[in-house]
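To keep things clear, I will list the structure first and then write my remarks on it.
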Amino acid sequence: MSENVAIIGVGSTAVRAVTPEVSYRELTFEAAQRAYADADISHTEIQSAVCCEEDFFEGISIADEYTPDQLGVVLRSVETVTGDGLHGLAVAAMQIQTGIFDVVVVEAHSKASNILNFDHVIEYALDPIWNRPLGFHPEFVAGLEMNRFLKESGASVEDCDRVVAKNRTNALANPIAAYPARITAEDVAQSPDTFSPMRKMHQARRADGAVVLVLASEERARKASRPIWITGTGWANDTPTLESRPWGSDAATRAAAKMAFGEAGISDPDKEIDFFEVDDLYAYRELLTLASLGVKDGAGKINTSGGSIGMGHTLDTIGLYRVAMCVEALRNGSAGTALAHAWRGVPTTSAAVAILSNNHG
Amino acid sequence: MKPNFGTPLSSADIESGKVFSVSYEPRLEYAWDTGPAIGRYLQELKNGRLVGRKCHKCDRTFIPPRHFCELCFRPADEWVVLENTGTVNTFSICYVTWDMKKLTYPQIPAVIEVDGASEGYGILHLIADVDPNEVKVGMKVQAVWKPAEEREGSITDLKHWSPLK
Amino acid sequence: MRIPADHEHSAWKGNLPFGSFYTVGLAGQAFFEALRDRGEILGARCSKCEWVYVPAALFCERCFAELKDYTPVAHEGDVVSFTLCHLDLEGERLDPPDIVAIVRLDGAQSVLVHRGLGDPSEWSIGARAKVRLRDDREGSILDIEGFELI
Amino acid sequence: MTKFVRRAQETPPELSWAAAKAALDSAGMTLDDIDCVIHGTAPDAFDGVHYNGEYLAGGSGAWGKPYTRCYVGGGTGVFAPIHAWMHLASGKFKTALVVCEEKMSSCQPHPQGAFLTIFDHTTERALGPNLLWIFALEQQRYMAKHGIKNEEIALASVKNKRNALDHPSAQLGAELTVEEVLASEVMAHPVHRLMVSPTSDGAAACVMAVEDVAKAVTDKPAWIEGVGWALDTAFWTNRDLYYPRYVEKAAWMAYKMAGIEKPAEEIDFAEPYDPFAYKELHHLEGLQLAPKGQAPKLLAEGHFNRDGKLPSVPSGGLLGVGNPIAAAGMMKICELFWQVRGEAGKRQVKGGNPRRGVAQAWGDLMQVGTVIVVGAS
């Protein structure tokens, strides 16, 4: 990167299936207060904010209206990106690299529990002319991709069962995870078919939560107690159409990884990265993501937090929870270089990657 | 720079079936958690009174109430029961509904600065029981509530505002 | 509507009360005219990218050329993938499940998404399938009834 | 740009492509030359697709490329190139394709109905608010504070609709009088029908590049000299609506970057956001191009005419060209580009040689200001 950027503060709420005691405002306020305390900054020092959200997840048109107050950034530069939090992280880092800001925050939250008919919202994302009139449950898209991926890769449904057992079990050690469970692959194999070959337990369950990150320029980060450096970011889209995508591979993640690895100077992720927090909205996606990242030996390094299957599917906050888990591992010494990855879910082909490290350059 | 696209269609193009189309009714339904501040606000509307929150640090009393002060960025300190009266900050006389249907009798939306809140702090609401031509910026108004048994914890429990008598 | 969640917490219930009306676009218009009037599945060829889009598209996503070479593709092709949908849009279980298939029609590079017809247990990736059309076509993707295995 | 029309036959991705392709052609570039893609559109209620940014990716040229969709409500059209500027000024990319699209006609029963859902779901929507309310409330406050008459405001409609007669994409160019504007029906007092921009379908796009690429592609690039944006509190009923302080904040951010100290003297022409007639005047004041409350007087004196000292909305604006929200903001950026290159034809200001122009958009709950200063080579 042309100018080094660090994460100097992380704040998150616990991930929970429901959060009836708070609105999105108080939920985000909690994450922001934690982040600013972690960074040891006042809200007055923040020059800009990047928020990540979608109108129909919020139930608000032009939902960016309601972003500044709970971040303490009234009358400052605030923008909204309809992307995962990792897209927001990349945008915030670029803002700092332009030289106009020293301190920028990134925010995303999920009040998934407030959406009464989530499947209808996702249905509304299907192409209105070609796909939506067919009237299927929209997650057929994941079923198609899983089936094709298994065929091309040689991975099995049992491999996917094992991903679920691993991530749910990993979540037992994560105090902010919503869905920890002591289960085995055999338990997963018993769960009902949904979008065959997919089973119900292969799908991450939705949850509420908020994350705020404080990013700073190198000069400002040097004054912070525990900066974690963003050594590479990458993001990319494949075609939005169902008709023209490859189906058995994830071109968006491959392109995003290539960009991030290039920036971070990584040529062999197996050797150079020791901690991976990657997309697992569906169990097969963890396997597909690792293949797309070029990771061959992931034993003990993949989604030790529990991933989205163990922690919860927090809409566009997924990527920021991945980053929060990476930062924790880097700070406590259990990792030297970490990778966070997110995919935005069906029917999108939108992926982002960030490489984080205790050191830079 | 003569544009090549942006092909205009008339209603006849659609109605005659000349141009193919698809209609769809999305189901986008929510139950938004109110949280402590707006939850209490609604509950007090059911009780027939307006409440605000006060931040001791900046000494502001704000309505709609928030759990935290967005300027000091700290939890707000106390609830304040506001007056039943206020001042018209600005208003309109509107002849169409939200979906552009014509109204025979216009609505009078307004920002009402509520007495007891900090100066200039108001809420969006409606003015009624008045000749629209009589409404002025700066006019004093009072809240007119629905009967207690009809109130349900909604901003419409406050029926409207009318000139202070 | 305010709904008390329990004695202390409440939620406000509401919806986004609008509908949507979509024109099918310039390429869609050509596609549906061919489908309705001639029973053809229209593709659009990008000669530079050697890629035939089905359904026909106005532009090539890869090189951004305007596509003007519209030609029908075959009604038969390979099953690229399929899934059995055990849930409907309301989350209710379906028995038998819906079959959703993507089929690469001969002559096309992209796939067509539609309902799979017949016995779910007979479907497999790599099988051959063909389009079944409705007789009463009106210019919609539903003018195609689905794919049947050959 | 596409034409701006009431209802377009093209789908949203087709409109996006049409504008993006025209922008690439005008730069003599192809998709292979583009490093990253930015889309601006808001809200999703218009195109009628959830994850609308994803839906529009292919039509925007994002296949296989880094792509984000940004939005700040109505401010999006001028913000999208700011978002693109970050991509380039960070050193990360050399070229960006910026596309803005809106197809409002998809929204039923009336596009304006979508605006109910911009209001607070719990404390405001039950009152049945519409977009006219907030404009009328703001205009009333502006008029009351300064003692401005509606005749003075109607003149902005007359000027912009007349200017739009010379714009090839325009939906509503017209030769009108102040009397005709005030004789049009009252929608929401003090707002009359001819003071309101139409709902529209359309798209607009531009290509941005870092200095060395720009100089290689053209001998007269339009330079981005300054950018600024600011978002005010969502609690809009706690603010005095008579003055857009968020526009002032955004403007000074952009002016400082551009080295401008006396904007009214150093800027040659302006494209302030004009979805309603008074907004142009309101925004000229926020942009520091007229003293508070003085924009109506300067308008009446001809100051903001195409041949005036500081031409404002020479394009014809949202009132005349049309208002496919984000695309309308981008249309203003296109106008800056054509004006500083001396390519604006009959719309040209300053004898074809303006040194520098400013474009601005506004949005959300009367809350956001987005500002770009563009200079000639």
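Labels for the chains are A, B, C and D, by order of writing; each one numbers its residues from 1.
One rule holds for everything that comes next: a residue touches a chain if its C-beta (ideal position, glycine included) is under 8 Å from a C-beta of that chain, and two chains touch if they have at least 3 such contacts.
Not measured: the values here are computed from a predicted model.
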item	value
Contact distance in steps, from chain A to chain C	1
Chain pair showing more contacts of the two, A-D and C-D	A-D
Length of the line joining the C-alpha centres of chain A and chain D, rounded to whole Å	33
Centre-of-Cα separation between chain D and chain C, whole angstrom	36
Chain B and chain C: spacing of chain centres that average the CA atoms, whole Å	42
Intercentroid distance (Cα basis), chain D paired with chain B, Å	27
In chain B, residues with contacts to at least two other chains	7, 9, 14, 19, 22-24, 26-34, 38, 42, 66, 70, 154
Residue list for chain D, restricted to those that touch at least two other chains	7-11, 13-14, 45, 48, 58, 63, 108-109, 113-117, 120-122, 233, 235
Sequence positions of chain A contacting 2 or more other chains	20-21, 56, 59, 61, 68-69, 74, 114, 116, 120-121, 123-124, 128-129, 133, 239, 241
Graph class of chain-chain contacts, one of line, ring, star, complete, other	complete
Chain C - residues contacting chain A, complex	5-6, 8-9, 11, 13-14, 16, 20, 22, 24-25, 28, 53-55, 61, 80-91, 93, 97-98, 100, 102, 109-115, 125, 140-142
Residues of chain B that touch chain C when the two form their complex	7, 9, 14, 17, 19-34, 38-39, 42-43, 152-154
Partner chain A, residues of chain D touching it in the complex	11, 13, 42-45, 48-58, 62-74, 79, 83, 85-87, 89-92, 114-115, 117-118, 120-121, 228-235, 245-246, 249, 253, 257, 363-365, 367-368
Chain B contact footprint on chain C (complex, rising order)	1-3, 5, 9-16, 18-24, 26, 28-29, 32, 139-140
Parts of chain A lying in touch with chain C, wherever the complex brings them together	20-21, 56, 59, 61, 114, 116, 119-120, 123, 128-131, 133-140, 143-148, 151, 192-198, 239, 241-244, 247-248
